[in-house]
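Can you read through this structure? Questions will come right after.
Order of writing sets the labels: A, B and C. Residues in every chain begin at 1.
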């Protein structure tokens, strides 16, 4: 299979609102980001794939199984990490995760073994005998990931996995997600508003807007090639240097931000012109590289914003 | 910078076929209560009437002249009616939080993302309440019958009252099913176990009180169907081949019971979902 | 590069401030002056950030020490409240009111007359792009919209100082970008803003000036790059992508003033750790300008950013 998830002409109607309008999309194997403004239909799509919501029209396949016909078989092979806080009341971490393993069909002892392993993997090893209700935000996020992994799923749905975590926690969570997607052979669909997180962990994206697919594909392809614009940061007399660049015919932008953008016209050659100007003027170039469109630019263009 | 030494492995073991998850849910639910000492105390309390009745059986077998303690089929009916108090207590204790606590913790998102059907979730929860309530009603009643036979040393009582076995079974099942389904349905309506408990207690007493008031006003027992408990008593009377105690036709009482169970099932079907139903 | 502020009076000054809750200590002898402009407030969970914010918004009183906001003590000083706008992290609204009604009601609490309040509310909602939904009930808003209405109430009375706690939470990427731009604009217009967030790359887009709190104490304050330079234990890491990385590398090694501590090769590039960033960067600039050692295509510092600063300083 080349696509882990496929939607064909899927329509979902909530009351008067068409949450998904005749959506056809493919999620490739590996790590795919699911992006879109609020209300675009992302959560409706996830909920339809999980079987929480039945589409009014269309067909969906997950891991080569039809969602309408084999929902249980699908759920045995996927893991879901919900966005909001969720746990089973009155259990400690190990019991909770082992319970989830058993619900997914693992025998009791295997479920317990997997629970310990997975809890160590997500970084909750030391806290695994504590009641989940005493956990901090970061720990709650990790245990949600643990319960999604305990039965060794082939596909993970992650909804805002770094929600509420502090910088260290975010970094560790993103490392885990990246590890799972790139090194451990688990396909994943990551829904998030934090585009740099998606860029770090995913290779493909699907962008939704107003119930339809706005664009989809590999991130690199969507970004497109670099142009004549360069990111630049210098140390030295900024005002003077900007004047010099202007004199030489190089346009600058965002000069009060940490990293500015410089456009080098054809007549001046390439980026070496910037180095020459800097060396001549006596400032250090601390950061220079071709300015690539970011995932944010891809996103903005896809939904028609400037 | 991978920070963790223990890396993630794939699972190569076996997986059970679908359809067993309700057992996992049931067992986990039962174990949650059996762990609590306070609950075990209450459970012991539910068996006190059983012990008393067992003594009664022993006395009647060894002292046949003590005619007031001689058991008949009616004795078993009375026992089940006595136990309705304990049924009430256990139903509220065990049942109020069964689904409400899950809703508060947002656990349905987790349950329903596993390979189990909504009906398995409901069945598993029902089984928790069902098992405990059976221990309070059906099991001791049948045990009493067994004890009677054992103490007598013969099957005479049984041969004379053969219908008692199905009567006990059906009555106890009705009692248990009515309590389980209605409590579970109420539990699925709220996120607070406390609120559900109060609601259940409130409705039970309220319907009784309304009936009591109407009876005092009209002097007639025809509207006994308003009181949920009265319906059960009426039907159990009929099952035990006794004269029904109220003027309401027993078919109406049975219909009310069945109706309550059906309504409860439809409430459960609507409330147990992965998404809040958008109206 | 940050423009130098001409007004040097700090917007917040804390002197030997401590706050404890019974045995638990929230802030431990903190002394800091926050300059005007946009400042990022960061720290791990439980480090004392929210305590600090509650102290500067007058919700808590220090157990010891003095806190001054905009030059005056803040505790029980309603005069100052009017000059501060606070956007808290929690979500708490009257769901039945419309966005416009709610913001208007809140600004009237500040003493504005009916007409003034209406104008101010509308202006605030327009600033956060909510005019379309202004007449819908808050209960019907999406997460991002709820966040924006919170922002609107913080700036409706045109305060001199804005204190924002995770202002972008729940917003979609476009909303985030717009809000970041808004914050930068306000900073340029002369307002002061203290933004607390866990999302470091977003703080970086708003400002280079940070205040890092850990374990109830100030860990670092000031410009990110200046702070970075002071972290001796981690020499500056520079990534140089070049036509001929080894030739370039040889040249670096030739010159002891560059103080090359270590070197590592990646595809088409060399990564150098240097103890003398100024000398090193100047040399790279010259080498790239002359092209004597082949073309140099990219110069970046993988760890001269907020993420690295945070990582190195917060154990």
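One rule holds in what follows: contacts are C-beta pairs under 8 Å (C-beta built on N, C-alpha and C of every residue); 3 or more make two chains touch, one makes a residue touch a chain.
Computed from a prediction, not measured in an experiment: that's the story for all the values here.
Central chain (C-alpha centroid nearest the global protein C-alpha centroid): A. Farthest chain from chain C, judged by C-alpha centroids: B. Centroid to centroid, with C-alpha atoms defining each point, chain B and chain C lie 59 Å apart.
Averaged C-alpha coordinates put the centre of chain A at 23 Å from the centre of chain C. Spacing of chain A relative to chain B, judged by their CA centroids, is 48 angstrom. Each of residues 171 in chain A touches at least two other chains.
Of all residues in chain B, those touching chain A in their complex are 1-4, 6-11, 13-18, 20-21, 24-25, 28, 32, 97, 101-102, 104-107, 109-117, 273-275, 278-279. Chain C meets chain A in the complex at residues 1-3, 42-46, 142-145, 170-177, 188, 198-201, 204-205, 208, 224, 241, 278, 281-282, 284-286, 288-291, 295-301, 304, 307, 310-311, 314.
By the touch rule above, chain A contacts chain C in their complex via residues 35-39, 136-138, 164-171, 193-196, 235, 238, 256-258, 271-272, 275-276, 278-280, 283-290, 296, 299-300, 303, 305.
Those residues of chain A whose C-beta lies close enough to touch chain B in the complex are 14-15, 47, 50-53, 72-76, 78-80, 82, 84-90, 99-100, 102-107, 110, 114, 117-118, 120-123, 125, 147, 149, 151-152, 171-172, 175, 179-180, 184-185.
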